[in-house]
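Chain lettering (A, B, C and D) follows the sequence in which the chains are written, and residue indices restart at 1 in each chain.
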Amino acid sequence: MRIRGGIAAVVMMALAATAGTTTPGAAQDKTLTIGVLGPLSGGAASYGVELVRGAEMRAEEINKGGGLKVGSDVYRIKLVSYDHKALAADAATAANKLVFQDKVKYIIGNAVGATCNAVQTVTEPEKVLFSFVCWGTSNLGPDKPHSFRAMLSQWEVAEPFYRWVKEKHPQVKRVAAISPNDTSGKDTNTAVVKALKGLGFEVAADEYYERGTKDFYPILTKILATKPDMLDVAAAPPGEAGLILKQARELGFKGSKGWTAGVNPVTLVGIAGKEAAEGVWSPANINVKSDFVSATVRRFGEEYEKRYKEVPGVIAVANYAAFDVFTKAMQDARSLDTDKVLVALTQKPFDTVWGRLVLGGKETYGIDRQFLYPVVISEIRDGKVVDIAQVLPAGLKK
Amino acid sequence: MELSRSGVPSAGVALIALAAAALPLVTRDSYYLDVATTILMNLTLTMSFRLQVSTGQINMAHISFMGIGAYASALLVTRVGLSFWATLWIGPLVAAALAVPIGSVALRVSGPYYFLITFAFSEVVRLFFNNFFEGLFGGPSGLVGIPKPDRLLGLAFDGKLELYGLMAVLCVGVALALVRLDHSRFGLTAGAIRQADLLAETLGVNVFRYKLTTFVLGSFIAGLAGVFFAHFRRVLHSSDFGLEPMVLLVVFTVIGGTGSVWGPVVGTILMTIASELLRELHHYEILVFGAVLILTMLFAPEGLVALPGTARRLLRRLRGRAPAAAGVGLAP
Amino acid sequence: MSIDLLVQALLNGFGLAMVYVLVALGLTLIFSILEIINFAHGEFYMLGGYVTYYAYALFGLNYFATLGLAILTVGVAGVVAERLIFHDLRGKALNAFIVSLGLLWVMQAGAQLAFGVLDKPVPSAFSGIVRVLGLVISVERLVVTLSAIVLIVALYIFLRLSRPGRAMRAVAQDADAAALQGVNIEAVAALGFGVGCALAGGAGGLLAPVFAVSPAMGALPVVKAFIIIIVGGMGSLPGAVLGGLLLGGVEGLGALFMGSAAVNILGFLMVIAVLLVRPRGLVGGA
Amino acid sequence: MLLELRGVSRRFGGLLAVADLSMTVAGGAIHGLIGPNGAGKSTVFNLITGVIPLTAGEVFFKGERTSGLRPSEICRRGIARTFQATTLFREYTVLQNVLVAAHLVTTPGLASALFWSRPYRERERRARDRGRTLLEALGLGPVASQVADTLPHRDQKALALAMVLATGAELVILDEPMAGLAAQEKAETTSVLRRLREQGVTVLLVEHDMKAVMGVCDTVTVLDHGVRIAEGTPREIQTNPAVIEAYLGAEEPGA
């Protein structure tokens, strides 16, 4: 009995600890509740956790600065974030809870492709504005006017990136792309292959692996047998991208390396090791510690690391920016009404941590709901991300 | 369990029906209706899962048949243009038809081997939906654009309330069938198989056929839940029929107790509500859930339904040596 | 397709097979003694990985000393888990399933809480590659495989020759008979659970530098371990080795001919095929 | 001949538990199967009832081959058995145990079980009446609604017998029906066996109590190390030198 009593005590303590974290401070101002969704446990947890943290930091900044002034009202922002465990059905239930229980009109942040489709079945009919970092062409469209992608996708990035590769590194002729076998992976490889073909590259391999794979020797043996000049770990998340590069090096790969949809170079370098990560080009990597990023990003990075003891990846930055954009649009619209905010969102550019940001993408998706901001092409040198060029996605040039 | 007395089980089903009918009178909040619909859908799954547990099978592929029903109906409606009301029966029949060969293979083994072979089957089905015939099943992107049920007898099924009502009718129907089965000779024999399968076999019970029957019947019901799921959520993804949701079904059932049909009912309702309440806790949710699972199984090994009896026994035991226990508890 | 490529593919498959065999042996040892399937087995593997991360990557302890530490720590954790929550569950498969699932959740969420959500890199202790006849073998994987084989042999010797090892085998064969002969079942169960977990912890320690560590890292090896013990036969050490080689070979070769994502289906199809032909596994007894 | 074994063998690993056994059981008789511990008696029962597969040989019942069939199918043909370690459905009441055993006589269809039609309920009622009658006959009437696990040993033995009879089998195989019973209870069992013979039910039994075997059996077969060493009337067996040798050589002669 004694030992069991011990466990019970530990569990009670855990329960008490968690109970404490859920009570937000009381506020006299009006409250604006904003929802965040994402996988917060299990294998994809790092995406969801970054989404929540990015939102949390911006919300806190606003609250500390006296709240969000919309018209004549001042709102304190309250975040409600739910875990959907990367399951589509669970995401629909979680979205229902946000929309109908918490009466949320804005859901800023979600990841994992299939869950976005499920959430949209709830948000679109209710005119809830929903922004996400899921990739996949099916998530944006004229039939989904209330949905936004808050991060550049490979449809914006792949073409300018490979145009740059072609110009600066003409020795690269044959490119192999490898991605996880899910919506993001399929979409990324498709965009990469389209860009490659359009620019006259040869596609050496267009391969997919099951998410969670650790041993890439089998698939790499097959890919390397096609003798590519460049290996693009396209939509692989940092941990898996790191393993691919490390194992490719072990198998004798010496060519160029790219990461079209890079999200967190620090983790990649850590896992691949400095040697295997040397020379990785990416149009999406962001290293908040780099000397090249703006002061605001660096400050964000420092603050983030202080709070969470981890280095932020691109998803954290993207959701921080998305939060910024949506709250600014509310102020511009002088209203919380989603129809009015929707108009404000598409009217003028926003000044964000990314730099100048507009909503575009009509050519690709048929509607301007894709966040467009400058693409910084970087190279990993001696374990550090060095920004070497800035290019603009097609829609941002206007 | 006295065979003839049908009053008790029927009263239980009537209670479910009454509760289901009463909910819309209390609230029409979309979220509550959504959760209630999910509970009813899960109930058909856990009750039919328990039917198999009652013959000693822990069928980890149960959720795959839900998936088969769901994909079958979604494709028949969107590609062939059949009515939902037709696929509501065709979907489960497809699931049951596939259950015959799969069950025949799986039931050649028993115990942990059965558990693991059904797990292997469920992964084969999930990976199949995820990686093969992408044009048909949508592959890793999932299947989208599944319509809601079409009109029937002038009733439109485009609102949460109507869908809830439909699921309630399906669930009560399934519950009625399963309760009757459980309290019939069939249920008696099924329980005998669980207690001593070799004895049952030598007394003339074709254990294989009984198990296969429950396997196919359970798969039919899972397929029915799957058809509803497809047109309720209107988005399908292979992971909805993978290990994680399956594990939750087992948890719901066992936490409630597998001793009677009411175990899964209690387990499903309590656990679904708890999980909705704990959703905000993120990964603490599974921390809390994990601890609850361990404690429940240690202190109520026969499930929550059997808890009153277990508690009485425990209390008697505790009272017998209460002073000693207190003394030990304080020791460093 | 060249012969070189085929051999390389086969070699890739065998490369880490022995580590998964270690995980499988732990699982099957626990099954033999307690008649339960421990779903949290992968979480003990994860624990071994994190011990390695902290001792080796952060504190710079010697690689093999770290491995020993991982085995010992996880073994002790296993004994504690058995005493606290598993000891009443001998033979109660369904209850043990739920309890081990609960433990899995607690350990996974606990790891996310304690160690953070991101993948944590563990630097390689051995770098470089060996080239033999055009085939590429990484030194790191070679060391890992050899270490795994040493551990498997050590387990074999322990089970055959040591007193507690023989007691475990006796309990695995017939617990009641063993009890009649004076074997302390309780002690054997606790020790067996500990040794089983220690094997998973050792595997986690071995693969930490190869794969990095993360809270959810336990899912993959435990699924592989299931396939291995079913194919090889539950409770059989040679069977597990055979199952590991078969699975590795099939997956390695399969990757050449079909999409890598689809390869995962092969292992499960193998399970079904084996259970159909030999329901007790390839090496399993009657 | 009701039951015939032709050259039946069973091997466990390196051990030949039953070696080339041929024997017949005549209809309407009480046939005893005896032999020292480890002679292979229970294995023979398991082979006849299909619980374990044969290594070689064939079994015929009423002229039809039954070896290779499922145990339930063999039972359907008319052979039912008890187990040495009395096995019951422990969570069920005595009556429920008998109802499960009467499965073959009152086969319930899935559909009728779902809809509880009138014929189904009628059939259920008859099955229960029949079960009660059987229990009364074996002296279990008063405990019919008691849970099997709580019964005293004597009643558990009787229930096992009742279940075998409830199947409606023509040949009942009893594995040590008198083990652990007091003298008075053994006598009751003996009289039950005789009554069965009167009703035309054939009995094949393994029993360690020599006095009981010799008293009730018409024919006795003796096994040693899986081989048949003698067969005949009880009187012939008692004087057979091979049998005496086998029992004296064994560590523990039959009590």
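Here, a residue touches a chain if its C-beta (ideal position, glycine included) is under 8 Å from a C-beta of that chain, and two chains touch if they have at least 3 such contacts.
Small disclaimer: the values here were computed from a predicted structure and weren't measured.
Engineer: Starting at subunit A, how many touch steps does it take at minimum to reach subunit C?
Structural biologist: So the least number of steps between the two chains is 1.
Engineer: Find the geometric centre of each of subunit A and subunit B from their Cα atoms only, then give the gap between the two centres in Å, rounded to an integer.
Structural biologist: Computed value for the inter-centroid distance: 36 Å.
Engineer: Could you give the separation in Å between the centres of subunit B and subunit D, each centre being the mean of its C-alpha atoms?
Structural biologist: 41
Engineer: Where the CA atoms of subunit C average out and where those of subunit D average out, how many Å apart are those spots?
Structural biologist: The separation of the two C-alpha centroids amounts to 47 Å.
Engineer: Would you mind pulling out the distance in Å between where the CA atoms of subunit B average out and where those of subunit C do?
Structural biologist: 31
Engineer: Quick one: which residues in subunit B touch 2 or more of the other chains?
Structural biologist: Each of 130-131, 283-284, 286-287, 291, 294, 298 in subunit B touches at least two other chains.
Engineer: Can you tell me which residues of subunit A touch two or more of the remaining chains?
Structural biologist: Only 4, 7, 41-42, 45, 181 qualify.
Engineer: Among the residues of subunit D, pick out those that touch two or more other chains and give their numbers.
Structural biologist: none
Engineer: Write out all the pairs of touching chains, ordered by chain label.
Structural biologist: A-B, A-C, B-C, B-D
Engineer: Can you list the residues on subunit C that touch subunit B in the complex?
Structural biologist: Contact set of subunit C toward subunit B: 31, 37, 85, 88-89, 92-95, 97-99, 101-110, 112-113, 223, 226-227, 230, 234, 259, 261-262, 264-265, 268-269, 271-272, 275-276, 279-280.
Engineer: In the complex, go through subunit D and note every residue touching subunit B.
Structural biologist: Going by the criterion above, the answer is residues 49, 51, 70-73, 75-76, 80-81, 83, 87-92, 96, 99-101, 103-104, 106, 108, 110, 113-116, 120-121, 124-125, 127-128, 163-164, 167.
Engineer: Spell out the part of subunit B that touches subunit D in their complex, as residue ranges.
Structural biologist: Interface residues on subunit B, with respect to subunit D: 1, 3-4, 6, 177, 180-181, 184-189, 191-192, 195-196, 198-208, 213, 217.
Engineer: State the interface residues of subunit A toward subunit B in the complex, per the touch definition above.
Structural biologist: Listed in rising order, the residues of subunit A that touch subunit B are 1-2, 4-5, 7-8, 11, 14-15, 18, 21-22, 40-42, 45, 48, 52, 80-83, 85-89, 92-94, 96-97, 99-101, 113-114, 117-118, 121, 136, 138, 181-183, 185-187.
Engineer: So in the complex, which bits of subunit A are touching subunit C?
Structural biologist: Listed in rising order, the residues are 3-4, 6-7, 41-43, 45-46, 49, 181, 207-210, 212-215, 217-219, 221-222, 225, 238-239, 242-243, 250-252, 264, 267, 270-271, 273, 309-310.
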